[in-house]
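In the two complexes that follow, subunit A is the common piece, with subunit B as its partner first and subunit C second.
Presenting the complex of A and B:
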């Protein structure tokens, strides 16, 4: 599905507190919607400033944990008691206490895979030779807020708001993908580094 | 330069370090041609690794008879090395997972290299059971798969639990490590000048963009991995110790083994981290990231675990006496006074006496001292494994089945060679991977003197950096602090 593009304003900061303050103001006071921020490290509190929900990734991991426990236990019981029961030292075919170490390990193993795969799905991550990024500096030392400009707002209005809040640099970009709420940036990575 | 970047009082890192500088300094070695010291070290490591390959090739033709293993002592140096190397790995997971849950910010400077050490140590460890099975080419029989023989593996055997524990540990450590690497590959990608490297790093980064929406998921997944890896790391050496504790051999059949093995693993693992980091911080000019405060904290962990180990040794001897079990008593008398008294006393001196030097602050902040101590601790821990496995097996119940174990030249060859294999992997790591966790390190940098530009933002953010912790580290929750 082709992304629906809305032009967006991008403000650069060099301090995470500035970004957090502006983000919260833009969302709560100004009522701007579908904001996104780009940061070089996970900024604690930014998810609240953006009004994000708690991630569902770890729920998938926990389901994997329980499924791994169940499958591991059942597999050991099935092989030892049903598929080919072997009498080992007169122990019961389902020697359940001896199953526990492997049951634990299979649970953790499946949970780990589920965790990472859920993260890849949630963030749309997959190996690709070319990555579309908003700026080369967001993975280095810049904090960026992206404000989509909607029908009822003007570009000047949004830029004025960002300028008022001491953005180091403001840039208008082509659009934002409304479905995945992700910035669509037409210029490929070869673009000159943004010098904010 | 490094003197100017000494961290201030009550801070782990200097507040003069800017984020851009972290990116530059950590990623610089990846784009440089390796230096001469690196080439020399790599050549030495490669040559030493050959000592691991030669016995294996020789064994393919002549079988296990080339080694010193015999009837009472069937396990030999293979299992000594296996348990030793699995133990080395434990410090990496402790630093990455347990210290993450305990919100210890000092882990961010060392977790990447410690986790790499974990992965390489487990790889090294995994070689030994594969050699020891003799017919290495059918080692896959250890895995339960639907074979034409239709017979399954015996799930009641602790040796099979080991297969699952070690492979799960390796896999989860690798996944956890890779998740931490993703944002750093992205940083490397955006810094790369060369189109070829940019593509490689783009593939490795899985297209990471640094969006706060992605960080929200990332943090959750990272914390979840820490929650999974914490019981896992405790389970691995516990299960390794079951190989012994579940048997009836005097000296093995004790309930103290799981915690005793885990603590020993952390003790030797931290010593190995100190050995590696003391060299790495010097060669790659990382002294202002891996500061004396980090090293001192690790030395404190070594001292603490040394005391716990001493307690475990004492309790083993006490229980041998208190149980009234004559085979157990004989076993524990033969350790300090029997055929293998020299390994026993080496262990006691290296593990219990030498680390006590760290009670002195001057000694635990002295690089040459901690380097020597960390090496001796690893010698001691290797001999601890030797004592547990060899001494317990060589004199068990019936004097008619007693025997001595004398390693052959091939046993010594693969033991030394395993260090070459490990260091080869680690040296490659320091060249091609970001050796510090860049994103995590940035989140723990102390507040710069300039601070936020918006005056209200400073007030708004509830700064809490008096204890040297960072402002935006996910672990320092401003709501709780308020």
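Presenting the complex of A and C:
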């Protein structure tokens, strides 16, 4: 999830299927690029609808796995055969079956660390990042599609497309701070947000 | 692409296999079993011994497939899963073999006690293993063995029968059916856990009565489940083409992931059993592996983890490969062949210190049991619609509602 691109139009829906449908239309029919979506829970198939490619995080994790295997195995070989060889039960110094569990564990450990660090880098999660709160209900029951408005498009054109596809609410975000968001459309039937 | 929701599923009809195919399976079964019976009850001692050993390998192979499919089905009911509903005719059909022949064939092996359990001192007084007057000698004596095996196999057959009956039942709404299936699946799992493990210890591990491994029951279970998953994966490609796109890519993906996961589980169990014995290096335990390593058996013992884990794991590692026909055919055939090698290695080295190539009688027996297995699977698929159209959870499975619930 890269930082949000501005300016952008955001359309709010209350159903994952609606979001999936409009996302696919926006990408395939209108050719909008760099789409993003915010949902309260992982929606299966949305990554295909958004046209996202496989992220590079798993490649880093896989490299970590192989490195962990290799380092774990070599470390055990080094301690048992070179640094302090001890004859245990007449077995060879490099008796590899005994090292499989630890090799496996070091592989998992390094893969896990690499995965986590790569995720932080990929998502831009560093201390005090600049974030945009698109709507508080996104963590509860709203599904949001974000369409960046690029040079060759006008705001009116994107908003018209989103209105045509039954958005409940459309917001325009001009900048990366809260003051530069404006709601430009709200569907008449939408209920007021439930406040506790 | 976003898959359209469906609100109605047409009945694709049952399997329309030509009757000739089913009859051919039965003919194969009759020929194979006749060849086995003739060579098991006439001829020299050596040929009888060889016939019984080959029979036991074949019967266990297909009985394990049926039990693995039944366990897969009961998992889904116990967890109230919905994803698998489009695929559920496959485990039902495969599991039906356990009472449509498979269980009876295992029971028939009782007649071969004196050939299968040659090392029991109660069967062969000249046996080198001196455990006379111990509790083990009583436990491993023909009279008690017969009673035990009958209890285990009948329990497994009955539990599977009720599981499949509940699975094919479509009277009632979702909640009623879920309760009915829970009531069949939970007792099934309890019965299976005891009966299958005890069967593995008493009837398979005890072909070498001197050897013991507490991992053996779960080792057999993991092989059974893995081979059943591989067979289901293979048939599901056909089902996908046959039922007009209701078996979606994500069903195939989930089943493919199951294959990969349980290949790893199999390897984990097998390695756990091997490594502790190798590490402790106690002659009472290591001889079992040495017997399977020396005398020409070693190549197959080393090939086993390659067939059952290395090929499946690394080939299915990239996600797109799990729905890829070619990759899955390679993986599943490798697993199914590996399972055969596995059972061959469990049974055969107990009688033959030197590697034996399967004889013609072995191959015909195997084909005979396969014929019976094929008949029971085909007849089960031909008896009801290929998609469980009356099942209240079918639409949820096809539309993927379970993903958002």
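Rule of thumb we're sticking to: the second predicted complex is superposed on the first by the 158 of 196 C-alpha atoms of A that agree within 3 Å, B and C clash if a C-alpha of one lies under 4 Å from a C-alpha of the other, contacts with A are read in each partner's own complex, and residues count from 1 in each chain.
We adopt the following convention: a contact is a pair of C-beta atoms (placed from the backbone, for glycine too) under 8 Å apart; a residue touches a chain by one contact, two chains touch by 3 or more.
Just so it is clear, the model here is predicted, and its values are computed rather than measured.
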{"item": "Room on subunit A for both subunit B and subunit C (clash or fit)", "value": "clash"}
{"item": "First (subunit B), second (subunit C), both or neither touched by A:156", "value": "neither"}
{"item": "Which superposed partner A:129 touches (first subunit B, second subunit C, both, neither)", "value": "first"}
{"item": "Subunit B versus subunit C as contact partner of A:66, first or second or both or neither", "value": "neither"}
{"item": "First (subunit B), second (subunit C), both or neither touched by A:102", "value": "first"}
{"item": "Contacts of A:43 with subunit B and subunit C, given as first, second, both or neither", "value": "both"}
{"item": "Which partner reaches more residues of subunit A (counting touched residues only), subunit B or subunit C", "value": "B"}
{"item": "Contacts of A:172 with subunit B and subunit C, given as first, second, both or neither", "value": "neither"}
{"item": "Common interface residues of subunit A - those touching subunit B in one complex and subunit C in the other", "value": "16-17, 20-21, 24, 41, 43-45, 54, 91, 98, 101"}
{"item": "Subunit C - residues contacting subunit A, complex", "value": "1-3, 5, 250, 271, 274-275, 278-279, 281, 319, 400, 403-404"}
{"item": "Subunit A residues touching subunit C - in the complex, by the definition given at the top", "value": "16-17, 20-21, 24, 41, 43-45, 48-49, 54, 89, 91, 97-98, 100-101"}
{"item": "Contact set on subunit B toward subunit A in their complex", "value": "18-20, 23, 144, 150-156, 158, 160-161, 164-165, 168, 171-172, 175-176, 178-179, 182-183, 186-187, 189-191, 195, 198-199, 202-221, 223-225, 228, 231-232, 235, 239, 242, 439-440, 442-443, 450-454, 456-458, 460-461, 471-478"}
{"item": "Sites on subunit A touched by subunit B in the complex", "value": "13, 15-18, 20-22, 24, 36-47, 50, 52, 54-55, 57-58, 61-62, 65, 75-76, 79-80, 83-84, 86, 88, 91, 95, 98-99, 101-102, 104-106, 108-109, 111-113, 115-116, 118-120, 122-134, 136-141, 165-166, 181-183, 189-190"}
